[in-house]
Amino acid sequence: MSNEEVGRRATRARGPRVARGVGVLAATVAAALVPQLTHNQYYLGVAFQAEMLMCLALGLNIVVGYAGMLDLGFAAFFAIGAYTTGILSTKEHWSIVASIAPGVAVAVVCALIIGFPTLRLRSDYLAVVTLGFGEIIQTIAINLNQTGGPTGIYAIPALTIGSVVVASNTGYYYVFLVLVIVFALFSTRLRHSRLGRAWLCIREDEDAAKAMGINTSHYKLYAYMFGAVLGSITGSVYAPALTAISPASFGFSESLLIVMAVAIGGLGSIWGVMFGAAVVEIFPEVFRQFAQARLLVFGVLLVVLMVVRPRGLFPERAFQGVGARIRATLARVKGQPTVPRLDAVASLQPTDES
Amino acid sequence: MKALELNDVSVFYGAVRGVEGVSLYVDEGEIVALLGANGAGKSTVLKAVSGLIHPRHGTISFFGEPFAKLSAHRRVIGGLVHVPEGRRIFTTLTIGENLELGAYGTQRSRTERAQRLGEVLALFPLLEQHFERLAGTLSGGEQQVLAIARAMMSNPRVLMIDEPSLGLDPQKVDIVYDMLEEVAALGTTVLLVEQNVALALEIASRAYVLQQGSVVLSGRSASLAQDSRLSDAYLGKATHDHG
Amino acid sequence: MSLFLNEIGNGIFLGAFFGLVALGYSMVYGILRLINFAHGDFYMVAAFVSYTILGAVIVGNSHAQWWTVAWVGLVVMIITGGLAMLANQLIYRPMRRAAILSLMIAAIGLSQVLENGVLVAPQWGATYLVYPVTTPPSGFNLGSNHYTWGQLIIVLISGLLALGVYFLVGRTLLGKAMRAVSEDRIAAVLMGINVDLVIAIVFFIGGALAGAAAVMTGVYYGQINYLMGFTVGLEAFTAAVLGGIGNIGGAVVGGLILGIVQSIGTGIFGAEWAIVVAFGALVLMLWFRPTGLLGERVARRM
Amino acid sequence: MKKNLVKSRVLTAGLLVTGVLTIAAGVSAGGVASAAKKLSPYLVGVPMPMTGAEAEAGTQIYNAEAMAAQFLNHHGGVLGHQIKLLEQDDACDAGTAVNAANLLVSKGVQAYVGGYCSGATLPAEPIIARAGIPYVMPAANSPELTTGGYKNVFLIDPSGSGDGIEAAAFFKQQHITKVFVIDDQSSFGVAIAQSAASAIKKNGGTVVAGGIQSIPATSNDFSAVISQIKSAGATGIYWSGYFSQAAQFATQLNAAGVIGPHGTAKFVVADGSVDATYITGAGAAANGTYATIAALASGVGNVLGSNADKAFNRAYVKQFHAQPGPYSAFGYDAIMALALAAKHVKSIVPKRVIAGLHALHFVGLTGKISFAADGNRLGAVMDLLEVVNGKYTLAHPQP
Amino acid sequence: MTAVLETQNLSLQFGGVNALSDLSVPIERGALHAIIGPNGAGKTSFFNCLTGYYRPTSGVVRFEGTEITGLNAAKVAALGIRRTFQNIRVFPKMSVLENVLAGGHLRATSNLFAITFAGPRFRHTERQLRDEALASLEFVGLVEQANNLAGDLPYGMRKRMELARVLIAQPVVVLLDEPAAGVSSVERAELSSVIRRVHELGTCVVMIEHDVDLVMEIASEVTVLDNGRVIASGRPQDVRTNPDVIRAYMGRQRQ
């Protein structure tokens, strides 16, 4: 078999390019048409907030899904973007677009500050340190005058792009849609580059990753930084979209929400993560009819979902898994001997459940 | 008396076949070897016997009693001990604690446990000098010895051991195999999974050869050692690999 | 200087609570590698259950005899332990083969269920409930600080419970089985250990300790609320990590240190920065000891 | 002078039950009673924190609003329109609040009555302004709410600066110069603490421990704070947060001998802490502590025992099997204000109702209600209360 | 012959225990150098010191004449010193191809800009790297498995994949930790031929191995460790007959 032939076979696993492209395009067009179908401000409001959560989840996915570092304080980067934009636009009268860059800069610096001491830590310890970082950022927001204390920052001007003023839910729906698409494509690009491979290696086996010549410390910091950049940009757009921001929106619960979005959809999978974010944003809204019990219902659903589908709704490479299973079945039908893949199920080996 | 008998046992992991239609037996007091290439299903058989996984069909009986629904830890208490691949000693516990846990559930009283500990330490004097050390600090060979000693703590009727020679230097292999023979001499039935055919056939009275999840060959060690089909069994798998 | 000493005293008291809840966190973590976010909510539910039981037992008598509180406390410990065990049986056990993150999300879900369950429960709800029994203010002075006898008893009970757990895990065969399960579940099964039972017992103990902490919180602070578990849970989790998660002594030491650091931080920087000081200390400590204060130090084998 | 004022207000309160009845009768009389059934309902959006940390306050306010609506509906509704409250959870979170606002506006609410956390109220303001409907806020009272230039915003709760000024005046009268001021990190607590601190400084006193202190609303241990108070030698303590923490603070201050029989310091709380639960929670430790509160605000009724408030209190307890909260009466008055404004302009058209609210003058459960052009409530007067033998009384402190 | 990789007076202590004492081992350019010795002799610790996983307590590691003591593992790997692990360390949830591509990590040089916009240069280097990865897989006979998850491979194939992952980096020195452990006799034959071919490509191979027959068959140089010290070194035949080695290491040769 020639190398080209093998190469072609190798790409096939990632799905025929055309089919994938068509899928993405169809999804984009469908999403773009949503505001044409309804003018209900509520639906559009929920929709753009779902998109916002998708952006955040895509950012966190780089840290948790790719690099395998559990981050329980991701809302901090979201807050940094939102507050930088909020402060610059209300007190210094910067335009929203211009305020994105400083937000990103602050977020990256913070990512480095939080990243350095945690490089040597195991995942669980990392979880608590990032959690602490989230709490610290929220506490700072509550206690400083510059951040408006517990009330936060209000009367944030609308996002202006060129001469277009984005002031409606429909407008923000499209702005966030563009952001989601850009983030998703960017994540995909990263995933299939040396960066993505290095992160996955770190996630799977850090010691072995070092033997590949991967400077694990650097790449962990990169993951934090990319996550921070995406989180911060989302925050910068969130501030004008909501017109007012306050520390209550950037606490541990928000961080958990983002983690949930990533885990429900399926770690590391772009589609899964986006779907998870939609679930996390939309379900509590759907349950509004349950009034005070809505979070109870949400909690029950979450538990059931995790018990039934512990790997998330669309786990990474789920589709390939299906393909492999079909191929195995076909091979068996054809009477070819199949190699029993014992290692494939190593993680599934039961204890003594009976 | 048949200490262990498997009748037409099949194990699947989802759609993937582990072993299919395996039948074998081990007589009381006998050493039997289970041979085969990597992935042939040897460890799967042991896991099915010890209850770590459940066969899709087929029966397994222990001294004539079928134990289909008995959970794994109950089988241990009943006298069936499995030393898994990779030893799996408790590295963060001391050697003494490892040994003590070996008798968990079988010797209820403190004095009984102490007595058995004395007997086992007499059998494995190497462990006595390191009694208070963390097991994780032992070298690979010592860990294998500990794993066998720990298994002996419950005074098992049947000992199943998976790849005892793996990663051991030649001298340690000798020690471990001497030890297995000693254990068998004391009346314990041994089912041995081994990659190293020559080594296994030396101490086993009989052997089964697995290939791709099925028994393809069985017989007395002496005759198998000369059987050309034995090496074919391995080669068959290898040619498939190249596809 | 006296402020400093006083804050240490305050911190020890605070730390006793953290430590007790942290023990449950740490034990469950040790055995399942699960950050059980619902653990703080077991503590919260225990507070409400004890509130209801005490309310029924003591009618109108706010200075009930200590033994009433003691037996109600024991009953609540058993109930909370049972609740934790039930949660394990219904949620965590079926998920035994799932990824840790999924388990954690399930725990967050359970936490939501417990909190919002109490929120919508007709007798409980969002209200701050006044605990039926409180400790009298009489006590003794140490330095310029005044401590009540109630505080002393609470610290002593916490210490005794922690010692009991320490003995159980360190010395008994069951404790060794717990450690074995925590290290290698399959190997533990092969020792004849009933792994599910051991895990259930761990949940029971963790829950029972949270129950004890809840009753003491009620008796000392006098008020309970449906979100009280969340904050304590966070602090206890931090304490557990500080001490080296999975380590029994570590949870207690971590609790005490967190309490002291928070109190001193409050004394110096003000209460609003206490959490910043606490987490700052945590990061600093982890910088020097990446596995926590008493975390395992077994040489990594390549 | 002040005493007289107080007395007259208490008297007014005594007349309130009948007053409310009159109002209601007036409102319904404005419509065509016989045609009441045919008229569309008056849809009022009610966003409140029903889950999360502020769920309790949200529920307490919503309950009172529901009472007011029921009462009005029972008497013929607003101009014959039955009031229909559409309640939505804002969870005190900006995003959820925006969703709630969008949802309610899309359901066509004609008025918006609610708001507790300013963090959730501020982002809803532009949405409600765009919808052009009146936004009556029962309990949110941050100064920022009325600085946005919105013409449709009305605050029932007078701004928190009054509490702080009243407290500072009390400390001055008691010759207490070293005051420890502490808030609960909520926007309303911070605002009150800041006004208290500046008033104390203006009066020549000092705020000890380096300025205003804060403690998270989730904290229940004040021991470290109390050590600070002791070492700073403060003889006045002002708490601007909520009642649940106030009770724990008082208990622990008492146990530590700072206040109570062995202490010399005076403990004053702001109106968020005036609640029956404060007294039951703190027990004996509550005796001898003071509270600042807008005159005739709800909790006062519970505790002063005026007839109108007693009636409100009884009705609330009867219906919900729980005590009303400090802001319940504000919620009741918010609905009443809306109804009376509609009556005044003889229309429920939002634009007209907004005009009606601007022109409104009436005496509600929480005293005289009228609004400045920016929507702030006019003429808020403060009272000082003292807890004596487990009951609130109007305080007559001796210097 | 010159030493491409050498240690001088290398010592390593773990909590007071000497894992390695005063080890001076030169590894000659072009050698196929086997390290043997009983369990616990310090063979893997020696590897870990060479590859930057452990920092030696004292002593020097030199690579092509330059001191590399204390460099971290990634930097050592970047120099062209590549290793495998005793208990195979694959990245189970990545495909076999991606595992190998990860081995070529340092050769994928595209910057963030190129990655983001998938420019022609990026596409070109990625394609080139993929071709090389497939070539390495072909070399070890695994090209058919390229798209399967590494975690799905049976043991023997994982070992070969690990080798392919090392080869794509075009290493100067390859360190193999027990390549034949747990491998059936047939697989062993394949493995030895692969190792031999790697060696023939001009790569210096260092391997830890218990299989004495394999060592005798392919090694050009053998060093025997016991208790963290060198007890013998030299050509395979000489070492085999060394009485110290027989006493410390060789078994009774059961078969």
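Which chain is which? They are A, B, C, D and E, in the order written, and residues in each are numbered from 1.
Convention: a residue touches a chain if its C-beta (ideal position, glycine included) is under 8 Å from a C-beta of that chain, and two chains touch if they have at least 3 such contacts.
Please read these numbers as outputs of a predicted model, since none were measured by experiment.
Touch-path distance (fewest steps) from chain B to chain C is 1.
Distances between chain centres, each the mean of the C-alpha atoms, put E farthest from chain C.
A straight line joining the Cα centres of chain B and chain E is 31 Å long. Note on chain placement: the centre of chain A and the centre of chain E lie 38 Å apart, centres being C-alpha means.
Once the centre of each chain is set as its mean CA position, chain B and chain D turn out to be 75 Å apart. Residue positions of chain D touching 2 or more other chains: 51, 55, 59, 185, 214. Multi-chain contact residues of chain B (touching two or more other chains) are listed as 39, 51-52, 71-73, 241.
Each of residues 53, 85-86, 154-155 in chain E touches at least two other chains. Touching chain A in their complex are the following residues of chain D: 50-51, 55, 59, 87-89, 92-96, 98-99, 102-103, 105-106, 117-120, 122-123, 125-127, 142, 144, 147-148, 185-187, 189-190, 214.
Note for the complex: chain A touches chain C at residues 64, 70, 117-118, 120-122, 124-125, 127-129, 131-133, 135-136, 139-140, 142-143, 207, 252, 256, 259-260, 263-264, 267, 292-293, 295-296, 298-303, 305-307, 310-312, 347-353. By the touch rule above, chain B contacts chain C in their complex via residues 50-52, 71-74, 76-77, 81-84, 88-93, 97, 100-102, 104-106, 134, 136-137, 150, 154. Of all residues in chain C, only 29, 33, 35, 91, 94-99, 101-106, 108-113, 115-117, 119-120, 185-186, 189, 195-196, 234, 237-238, 241, 245, 272-273, 275-276, 278-280, 282-283, 286-287, 290-292, 302 touch chain A in the complex they form. Looking at the complex, you find that chain C touches chain D at residues 2-3, 6-7, 10-11, 13-14, 62, 116, 119, 125-128, 130, 134, 137, 139, 144-146, 148, 217, 221-223, 225-228, 230-231, 262-264, 266-267, 270-272, 274-275.
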